[in-house]
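Report on the following structure.
When the chains are written out, they are named A, B, C, D, E and F in that same order, and each has its own residue count from 1.
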Amino acid sequence: MDRADGRDLESLRPVRFITGVNRYAEGSVLVQWGQTHVLCTASVEENVPPFLAGTGKGWITAEYAMLPRSTQSRKKRDISKLKLDGRSGEIQRLIGRSLRAAVDFEKLGERQIVIDCDVLQADGGTRTASITGGYIALALAVKKLMAEGILTENPLREQIAAVSVGIVAGIPMLDLCYVEDSHADVDMNLVRTASGRFAEIQGTGEGRTFLETELAELLRLGKIGTEQLFALQKKAIEEA
Amino acid sequence: MDRADGRDLESLRPVRFITGVNRYAEGSVLVQWGQTHVLCTASVEENVPPFLAGTGKGWITAEYAMLPRSTQSRKKRDISKLKLDGRSGEIQRLIGRSLRAAVDFEKLGERQIVIDCDVLQADGGTRTASITGGYIALALAVKKLMAEGILTENPLREQIAAVSVGIVAGIPMLDLCYVEDSHADVDMNLVRTASGRFAEIQGTGEGRTFLETELAELLRLGKIGTEQLFALQKKAIEEA
Amino acid sequence: MDRADGRDLESLRPVRFITGVNRYAEGSVLVQWGQTHVLCTASVEENVPPFLAGTGKGWITAEYAMLPRSTQSRKKRDISKLKLDGRSGEIQRLIGRSLRAAVDFEKLGERQIVIDCDVLQADGGTRTASITGGYIALALAVKKLMAEGILTENPLREQIAAVSVGIVAGIPMLDLCYVEDSHADVDMNLVRTASGRFAEIQGTGEGRTFLETELAELLRLGKIGTEQLFALQKKAIEEA
Amino acid sequence: MDRADGRDLESLRPVRFITGVNRYAEGSVLVQWGQTHVLCTASVEENVPPFLAGTGKGWITAEYAMLPRSTQSRKKRDISKLKLDGRSGEIQRLIGRSLRAAVDFEKLGERQIVIDCDVLQADGGTRTASITGGYIALALAVKKLMAEGILTENPLREQIAAVSVGIVAGIPMLDLCYVEDSHADVDMNLVRTASGRFAEIQGTGEGRTFLETELAELLRLGKIGTEQLFALQKKAIEEA
Amino acid sequence: MDRADGRDLESLRPVRFITGVNRYAEGSVLVQWGQTHVLCTASVEENVPPFLAGTGKGWITAEYAMLPRSTQSRKKRDISKLKLDGRSGEIQRLIGRSLRAAVDFEKLGERQIVIDCDVLQADGGTRTASITGGYIALALAVKKLMAEGILTENPLREQIAAVSVGIVAGIPMLDLCYVEDSHADVDMNLVRTASGRFAEIQGTGEGRTFLETELAELLRLGKIGTEQLFALQKKAIEEA
Amino acid sequence: MDRADGRDLESLRPVRFITGVNRYAEGSVLVQWGQTHVLCTASVEENVPPFLAGTGKGWITAEYAMLPRSTQSRKKRDISKLKLDGRSGEIQRLIGRSLRAAVDFEKLGERQIVIDCDVLQADGGTRTASITGGYIALALAVKKLMAEGILTENPLREQIAAVSVGIVAGIPMLDLCYVEDSHADVDMNLVRTASGRFAEIQGTGEGRTFLETELAELLRLGKIGTEQLFALQKKAIEEA
């Protein structure tokens, strides 16, 4: 079976992390994941949500948005409809939960890191690119806080990366691009840690439902993908 | 290990489906699932979202909301903040996707069925109660449309039910109540079909991440729970 | 003249108050008034609106909403239009004013009781059912605060109940159901106290205007209705 | 008993109707009612709300708003809070209902007249000034439509005017100014027709509840006030 | 060339400032500028925007809105669309900036003066009428604060007035009315100080772009207009 | 006098136009203007605003927004406040007006080109970068429409570019960066055409007002800047 772009079933698209693209953010990276481009910034704020005030613990929040022409046909801005797009709301909650799994909030101290993921161009997998890039931005911000002596202990527990897998025309495959995603029977997003554990599994039967054996194959593919991403993330963070 | 309410690890809370509780809705059911109470109605509308106009195909939409005092401390209404609650938005998208997996839209014809899930009292598992009850309301509406000759072929492909599973204090268990859910390390919602397939898997490591072996145990528990729910649903629909 | 449901002109529909239907609320009642079903909860909050801060005086606020399928054809939720429904806003102001007439705010102390009235099913008279049921929820919350010693003096001055009256096809009658209400020439809502005084009169000539003699007959009918409601309320509160 | 401005209990404040104050509106009047100043315009639109499309019948809508500094201390604009003020919403519904009672919608034909009541300065009684002035603006617009031959039959059935009455310090009185209104025990707004019928009665016990005998006295005062207003309205419309 | 109303190219329309039209505002003026009528009020508030708290410095804010029937065809209120009109937002920012240019914020002290400009009737030039009238309202409020001893030093640095100029059918002219404005090739608003300096220049080529020589002629006309306005303002403020 | 970055008073910062950065947009350019980075896309839509429907004429609309961390400290997204930022609203109106000055709408035909200007990083001059880059995106979209034969006549009348000028510490200078802009006494944005005419002049005395001689010097500097930009734009469009 030929994939849209000639990849084999177990291959990621070319993934490139360009760090330091924003001069103000404490951490930033432009993720170029095939034709999907996401700009991730980490902003350190010396405040926390009300429920944490006075606890000495920090927090990670994420926001996700698409530029109007990141998509094939132009999409109206949320503000013109006065409503946060439902899909964006769901994705930013996922990004936040996934990245919070990587952080020891006592070590972070009573401060907040806001991860902004803005999609400049979308070709499938924007949420997994956002989580994977968001982790890099977060790690760079932490690195900066440690270099400045604001943090003395590293609050990052372990690396987090995410990838999509799916079943298209009956065939399980890794890292769906938009064309594949839009025809997928099953679509799954896996968020994993470098120690081989899951932070999040979200699988949906879009065209049809799926069997446990298919789930197992999707998890196998997801591991292959995230292992490669951990290596790329590590290199990007070290070289930044 | 003792659970909050003395159940064993593989037991559901008592689940009761009271059908026909709304005189206007084409299908309705009050779900009493332990102390979680959700009112589900199915409303048939002779229109479809714009992207389906003229295709002859129908659609299922779901909306989910909590009454202000369905929770331990009163929660403000969305309208007072002019924003749909992010969690509610995510849940109603999940309910809609799950129920759409059960429907053949060509057989439904160009009409829409809106499933409203309003939580009267919440004690954990409101989203799975909404999906499970939403399926009943949907089935009752379909039954009515067929009895009236508006539909000639049954558009329901198979039964859908959902249940939560989770790991609390290191122990996997079925159907978490609120106290358990709020202390869970891992929280997972499973949507299954009567033929034994998955429509949706959403697992989150809240306190910590999880292993593949733990995932397998959670799936096993989820099957036990949904099998019981399929039987209860069937009885409720037949006796309505 | 025959009424829609065979009642005579001076009769209420069957009214049932089921108390204690919500495990979290300090007071709660499900009002089943003919086919009109309203869930009323009273939530005690240890705060007051800004204009009362530091005065030692409390407040009663009310909110009113209809579930989407409480009506014959499904009604969109307010949040989907980003606007509180004008009719709902007017009704919740009326409920709040009416119940405030029953309360001595100095005795209540600097706390707020929020009365939520959510219409599960509507068949006319939802605002009067909300006031009448809202009083019960309020009285139960006060009873609880007194039992717990939080209040030492009863802040309730006297019972409040409300009923609708109207002129349909030229004939004055008590307690209009939806079919009658939608054909009414004159529609009036009366809020009375157990000592025989008025807290609120709202009369509207919908199809036509009305004479003072007609007003007198409507007031007479309203007294008959509220007297019965006071007895039912009293019993429900005592037996709760 | 002395009133704030020396009037006796049965007297209106000086009321002046200055017509033709807006060069674009089909009808307009500036109401100067004591220190309460309301600008009322009637705008004829060749469209109707959706529920009337194709029926050949027209409609009257009203909108009410206060300029920010119409009140003693500046009030924020609704748009800065993204919410229509609850009181304004209730008042504009009352104005609309009251004026619709005056109109034969078949004779008006399938068009809409929008009555805008903007309070330039408020000193009590703004809603009754709006109804009374709104009727004049409406009548002037109708006069114009008839002069232009757009309407051939007069759609106005009879004059409508409104006045407030209330009980202050135990004493019933006509036409409360702000100081009186803010200390009133009972506040009532009466909308009457020139033929002596009621279009609307809205009475509220603010500080305390009221007796039927008090209601009777308030209705008597309201008649005195509206009779004078009918004469002033008539003169203003004829001389315009 | 004949202008719409027979004026010559260098003439203002008749401008009248009626001060003291609002009994509550610290300063108020009704501007009647030809058929353009704007009500300006200045409200003194003993608070400042957050960024000035504790600095001892004050602030001037302006808000601008049009009544629905201030225009030829009725315009919907902002609140009905839940969005501040873009043009209004731009104009109120201009009014605020222009008036702030006149004020020494240290001398004003830590308080805010809110200038509300509400257009009762629009015939072109509403923004320049708002600035010019807003200055008068501001000056009257300052006069009151000084008379009351709340201010000891005058915080007004110098007079500010504004006028529109434009090129219509190729001909530069002063103070465009609506008909001229709607056909203008170039539209320019000039805000000047009594000492002959500019506070703001906003020139737009609507139908076509413009030359530097045309700009020079427009500036010359603007000076003629503002000089007359300074005299009228001064008289209005002194006589108030 | 030394400028923040060592430039002389008549110099632009280094300006780079990277075209074709978005694979979906009909025209796109990343503007790197010193440290100010703006992504401009042109989206062709086969529809027009209601007021142009059926006229055969087209339209240009612009939208402008800043990414949250485009600024030194993170700025909340508009959607979280449910309000379009006032400054953004004003800027997008300016961009739209400026670009419309370049287009013959009859030649464009009944279609709309939407110019989105999203600021990735802001260091002063974002509005002039948006106009200058927006023109390039527009020109590239037009080039594509002509290459595809959708347009047969070029609807672009002439090139449009914009630059900021200002007076800082009494000294007029070209192209202010953020540090200069935040201390400027006078800030002016000039939009010019390649034929040497003005499309828009917006000059504001922020700290102080300005003289006509200063205006003349600012215009001279603006011409120097825009002439260089015309050459750079032309090259970018030709080489794309």
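Criterion: a residue touches a chain if its C-beta (ideal position, glycine included) is under 8 Å from a C-beta of that chain, and two chains touch if they have at least 3 such contacts.
Remember, it's a predicted structure, so these values are computed and weren't measured experimentally.
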Inset, instruction - Would you pick out the chains that touch chain A and also touch chain D? - result: none
Legend entry - Co-neighbours of chain E and chain C - touch as defined: D
Legend entry - Whole-Å gap between the CA centroids of chain C and chain F: 59
Legend entry - chain D and chain E, separation of their C-alpha mean positions in angstrom: 33
Inset, instruction - Would you kindly tell me how far, in whole Å, the mean C-alpha position of chain F lies from that of chain E? - result: 28
Inset, instruction - Calculate how many whole Å lie between the centre of chain D and the centre of chain F, each centre taken as the average of the chain's C-alpha atoms. - result: 51
Inset, instruction - Provide the list of chain D residues touching at least two other chains, using ranges where the numbers run on. - result: 82-84
Legend entry - Of chain D, residues touching chain C in the complex: 82-84, 86-87, 89-90, 93, 97, 101, 188, 193, 195-206, 208-212, 215, 219
Inset, instruction - Quick one: which bits of chain C touch chain B in the complex? Just the residue numbers, please. - result: 22-25, 28, 35, 39, 41, 43, 45, 63, 65, 67-74, 77-79, 82-84, 114, 116, 118, 120-121
